[in-house]
Amino acid sequence: MDLSFSAEDNAFRHEVRAWIRESMPTDIAAKAEIDAHFDMADVMRWHKILFARGWVAPHWPKRFGGPGLTATQRFVLTEELELAGAPALSPFGLSMVGPAIMQFGTPEQQERFLPPILRGDEVWCQGYSEPGSGSDLASLRTTARIDGDDLIVDGQKTWTTYAQYADWIFCLVRTNPGAKKQAGISFLLVDMKTPGVEARPMLTIGNTPAFCDTFFANVRVPRANLIGPLDGGWTVAKALLGHERTLIAAVGPSQRMIRRIKRIATDTTDGGQALIDDPAWRSRIARLEVKLQALQMANYRALAGAALGHAPGPESSILKLRGSEIYQQTFELAFDLMGSHALAWFNEPGVIPELEQWVASGYCYNRATTIYGGSNEIQKNIIAKMLLGLPGA
Amino acid sequence: MDLSFSAEDNAFRHEVRAWIRESMPTDIAAKAEIDAHFDMADVMRWHKILFARGWVAPHWPKRFGGPGLTATQRFVLTEELELAGAPALSPFGLSMVGPAIMQFGTPEQQERFLPPILRGDEVWCQGYSEPGSGSDLASLRTTARIDGDDLIVDGQKTWTTYAQYADWIFCLVRTNPGAKKQAGISFLLVDMKTPGVEARPMLTIGNTPAFCDTFFANVRVPRANLIGPLDGGWTVAKALLGHERTLIAAVGPSQRMIRRIKRIATDTTDGGQALIDDPAWRSRIARLEVKLQALQMANYRALAGAALGHAPGPESSILKLRGSEIYQQTFELAFDLMGSHALAWFNEPGVIPELEQWVASGYCYNRATTIYGGSNEIQKNIIAKMLLGLPGA
Amino acid sequence: MNFELSEEQQLLQQNARAFVKQRSPLSRARKLRDGALDRALWREMGDLGWLSLPFAEDVGGFGGNFVDVAVLLEVFGSTLVPEPYLASIVLAGTVLARAGTPDQHQRWLSAMMEGRTIVALAHDEPGHRFSPRPHSAVAVAVADGYRLRGRKEFVLGGQHADVFVISALVGGEPALFVVPCGTEGLTVRSIRTIDGQGAAMLEFDSHVPSDQRLTGGDPGDALDRGLDAAAAMTVAEGLGVCRSALELTLSHLKTREQFGVPIGSFQALQHRAVEMFVEVELVRSILALAAARADHDNPDVRHHATSSAKVQLAMSGRFVAQQAVQLHGGIGITDEHDIGLYFKRMHALTLAFGDEEHHVRRFGARPAFTDLRANS
Amino acid sequence: MNFELSEEQQLLQQNARAFVKQRSPLSRARKLRDGALDRALWREMGDLGWLSLPFAEDVGGFGGNFVDVAVLLEVFGSTLVPEPYLASIVLAGTVLARAGTPDQHQRWLSAMMEGRTIVALAHDEPGHRFSPRPHSAVAVAVADGYRLRGRKEFVLGGQHADVFVISALVGGEPALFVVPCGTEGLTVRSIRTIDGQGAAMLEFDSHVPSDQRLTGGDPGDALDRGLDAAAAMTVAEGLGVCRSALELTLSHLKTREQFGVPIGSFQALQHRAVEMFVEVELVRSILALAAARADHDNPDVRHHATSSAKVQLAMSGRFVAQQAVQLHGGIGITDEHDIGLYFKRMHALTLAFGDEEHHVRRFGARPAFTDLRANS
């Protein structure tokens, strides 16, 4: 057992850190400093900067344009980006449909779709969930019926994050209504500019633009946009879900929040005493930092296992569960430290310190972290059955 | 709405309080002072003292020897006894089989069994749970087959608290193995001195004698000892379970524990500072006291409703759930305040202060409070279905 | 001991329920987020006697008590009625009533009770968490009155106020001044708040005539009582909020299907709903204590009741709000769904007039907390 | 970065597992509660090299590290091996090794590593919660040595000890003395503890020869390091305890039937078991940090690792222990069932060498905790 990184990996870390310092535009760095919400323009600008450096898709194979980093380097890169508060790139192209096209797409599809994803020229979104099917994904009702060389799509998708900005959406659609639940589903790519597609953006309870309802009315899509065989979309979807879970341990963002918490606690006084010097507040911060430290070690275990080529072990399944909870707890603690300031809604310049401005909003919209990516309840069902071998109900 | 007690009730409270002060034997009072474990001799001695005063069965109707108190007076009496730390009387005769015999027994049975319960001449225990049937009571397997005027009982009961001291046990036995679960069960009284009955006492994890396994091998019991009709025991059992739940809100015992916690926190110093003057410990005590205060108000609501003749409302169902949890939390906090002292097992005179001596033991055995009387998980199932109307699985 | 509502209180409850159903259902709260006050509705509340409910008859009030107010506010909470009842009537009103002279009552309290004037209390200052006393706002005697200088934060209802009651130190002791909106040197900045009900930030360097200093009672005591009353009534409104959040959630659990069954049939979700229910019942129980003791003359008894209720609301209310969103799943995160409105109002209520940490400390700082003779 | 055990560590793990299965299964822990030590088994551990595992080769040790010790202690925890490895080898041994001269190592450490002598550290004093320093025990120089006076509490392993290492102030500074059992003026009282492993209370007013004062290193540093090592290794043993408690519980959930189905099919119980599992994995994860840093030379780094691990163990271990009993239902409360043994040992481990509150404070008191330059 060895908890240190190799000299090479440490050198790479310093390279990354220095590059971020030099390359991050000042306005983005200013937002990062206070963990403000990044709008889509920020995200895509940062995407292109990373692309120029070759680091936009560390997990892509070299032949598709990946940088050929080791597992540990990939981790170090991600960690440093998170710690720097860099905009989180949209995962829908890079981490979801991209890898799916690599695994299941034809050479033509790979050539058509992968380069624009890498360059950030085309933005993607995900059409999985429907109003009636959240956790029970396979109960989806959006249909695509065959009409010559085309498919005609009708239905509604929800939770289509970034649909208002997206050029393309990848969808699960029911192509065989007669087949059993999972059997009649296909994986289809739809150009968002196709007539009949409409994305209606919604706000979160944190007042951030986040996801859309996306409607399909008689939308004509070429059969060539199917990934995998007709009625064979469930296999593609399952492979893709696996990628999603590891994205949301949120250790780096939580570490940034701990730092922000300490800064708030240092700046906030009560009768002349900084809250960080108050034993009760300091204890609460310390306890949360300890929990995050344990999570970070669990994250490192998963990384180290992956670097050795092990399949993700039980330690990775806890990352989503506790990662999402701890991230929420960091916002809750920051919110509590602010006292009356937490009442202020964001975008009211000068009312409360900049550092606090996005806390209340973040506290609200991050209630989503225990819901999305497979709700924590669903995660527990999976762990109970898959890892603990507990009997079905 | 009026939160005060009437002048009459306050006078009654003072009467009770004064009587307790005068009547409690000094050795029992000394144990009460430190909430030491009362042995059965203490309990029965106190039973007889209460009997002499006429207060041993406040909830019994006058015609069976009850004192004819109002609902509020009964509550005040119970509250004062709890606050004084008086030994808790055995509920099995007074609160369980006694009321069952009143409701379902014949006049002969009432005459035979009720007076000795009241006087404390006969000790009872309960034969419900079996090794294979805890929460799922109706799956019990102890049988009683008819043999002339007798029943022959075979089987095993568990959780038979006080069986090692008991003169009688009331049992649920299967008299009709062919009938469906609840249908073939009878309610039977068995003399513990009958040949073939054996009680094997067990210790709790707090090292207190508490309950037994009780074995029945070819035990001959007169049919006259059936309460209610043959195969009609489930009705009796159900009526009786209702009595049990309200016994365990434990507000009084938790209040005593809060007081003990404050005394421990006052007496325990760290580098010269009493823990009660340390903000973190004081906060923790305050938070727990607040939770208990809310529970006490819920308890008062239930009392006030009962005094008006209302059937127990939703507020009473929370008493068992939170009451058991809060009682456990009081022991946990006392345990934590003790620091290294919590390592000491009890009955080691002079090692730790008397006031702390029973804390670790109590912390251990009171893990039972969320299990017995219908585990908290079962309570939640009941509330979900009965009060919230949530659909069955 | 009796927890039943009187006949009058039952009637008040029925009227209030009918009123909010017709005049201020939840959709109104959504529409009025960050918006202006509907003065006609406020005056209507005055006509119904609601704005004079907690005030003694000798100051022209209805002569009710805080149990009555709790009945009203629980109903207001159930549909998030956006009117500043808590801030204006309960908080500012109590301070005015306690600290004002009969003339001053006549001048400002009467108009407030009729719904003609909105009053807000400005007491919160930077750097002092939930302190009931002024710290850096100062008034100095000048010709014909006082020069009042300072800043006040998060004045609830302040963006609607016609008149402010401002606390400040005079010779190191707390004093209270009535300062109408529009007074020279007074800047009122409206700000948005998480619950959409808004507040104001005040800066002032103004001349205040002598007769606008409240001189009918002890200002420190009036502030303490006002904040206690407001904290207690926050719990009443919070109970209404919790109850609605629980109802919405139960309804979702019963109707939303996944895997072919209502999600409310899953035991883990059932038990979560039960925990929410239990917490709501505990808030309801402790509210009875807080409402009954919100105007108790013994500060230790009053602080015990109001702080314990406020702490319980903070613990229970936040749990209920968070779980309500969680059990709604994805739609619970959208601003379009109503549950988020309850979620945010609940958090504003737990903060208002002292957060959990503040009231835990105050509860533990009471002399009675460490008096071990009391309990046995 | 690598979390895998080395081949040697895997072998150690296999050997230890085989050993406890044959020689010290759980039934032995039950039998030996409050009982005497089995000296033959202890010597056998010495022969296996286990008692010299964490000590440098230049003091005659095996030259291992605390990752090796963690491997061993996790296995010991799994069947509650009652030998005082933590108290004697890890705690007293580290202090002896750090503070002793080569002669003193020869005299006491060698015998300890061979299993011939049991050593215990007496440092805990009344009125100072988990302090690593002496406060009222005092040694005064006299002819040929020192007069050592004071009291020590809860000396773990002390009831079995042949030799004590006792901390005391000399001229206001910490010092350490080796005091054999049987020294005139030393009273050793054996006491029972919740986990059945026992401890001793010491009173002493004894003459101690000069060469029994440890003079090979800084006594304050040695105490701090000994307690850090012990705290870190408590987490290793605690992991073993947690894992066994979880295994027993899962097995119960799978076999115990109610309402005609295994109770492990109920979703609420499944989710509880998952929570237990997650907590065990977190303990396992943080242990890696604590084991690797238990002997780090920078006290801030060492305290960060050991205190965070000890806090996590306290939070997770208690939760796992409580839920294990709860999910066992009635039988879990009986002394006859094994789960209670794990429950009580878990609580003893969370207390030993600093409880949750102590380590939370120590974690927060590190200079690095408030150094905001560190993190970005």
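Read from first to last, the chains carry the letters A, B, C and D; within each, the first residue is number 1.
Everything below uses one rule, namely that a contact is a pair of C-beta atoms (placed from the backbone, for glycine too) under 8 Å apart; a residue touches a chain by one contact, two chains touch by 3 or more.
Every value quoted in this text rests on a predicted model; they were computed, and no experiment measured them.
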{"item": "Chain pair with the higher count of C-beta pairs in contact (A-D, B-D)", "value": "A-D"}
{"item": "Chain whose mean Cα position lies farthest from chain D", "value": "C"}
{"item": "Inter-chain centre distance, chain C versus chain D - centres from mean C-alpha coordinates, in Å", "value": "52"}
{"item": "Averaged-CA centre spacing for the pair chain C and chain B, given as whole angstrom", "value": "42"}
{"item": "Multi-partner residues of chain A (at least 2 other chains)", "value": "279-280, 283, 377, 380, 393"}
{"item": "Shared interface positions of chain D, touching two or more other chains", "value": "266-268, 270-271, 357"}
{"item": "Residues of chain A that touch chain B when the two form their complex", "value": "278-280, 283, 393"}
{"item": "Chain D-facing residues of chain C, complex", "value": "266-268, 270-271"}
{"item": "Sites on chain D touched by chain B in the complex", "value": "124, 127-131, 153-154, 191-195, 199, 201, 257-260, 266, 268-269, 322, 325-326, 329-336, 340, 343-344, 347-348, 351-352, 355-357"}
{"item": "Contact set on chain B toward chain C in their complex", "value": "1-5, 9, 72, 83-84, 255-256, 258-259, 262-263, 266, 276, 279, 282-283, 285-287, 289-291, 293-295, 297-298, 300-301, 303-305, 307-308, 314-315, 318, 321-322, 377, 380-381, 383-384, 387-393"}
{"item": "Chain A contact footprint on chain D (complex, rising order)", "value": "1-6, 9, 67, 250, 253-254, 261-262, 264-267, 270-271, 273-275, 277-278, 281-286, 288-289, 291-293, 307-308, 311-312, 315, 357, 360-361, 363-364, 369-370, 372, 375-376"}
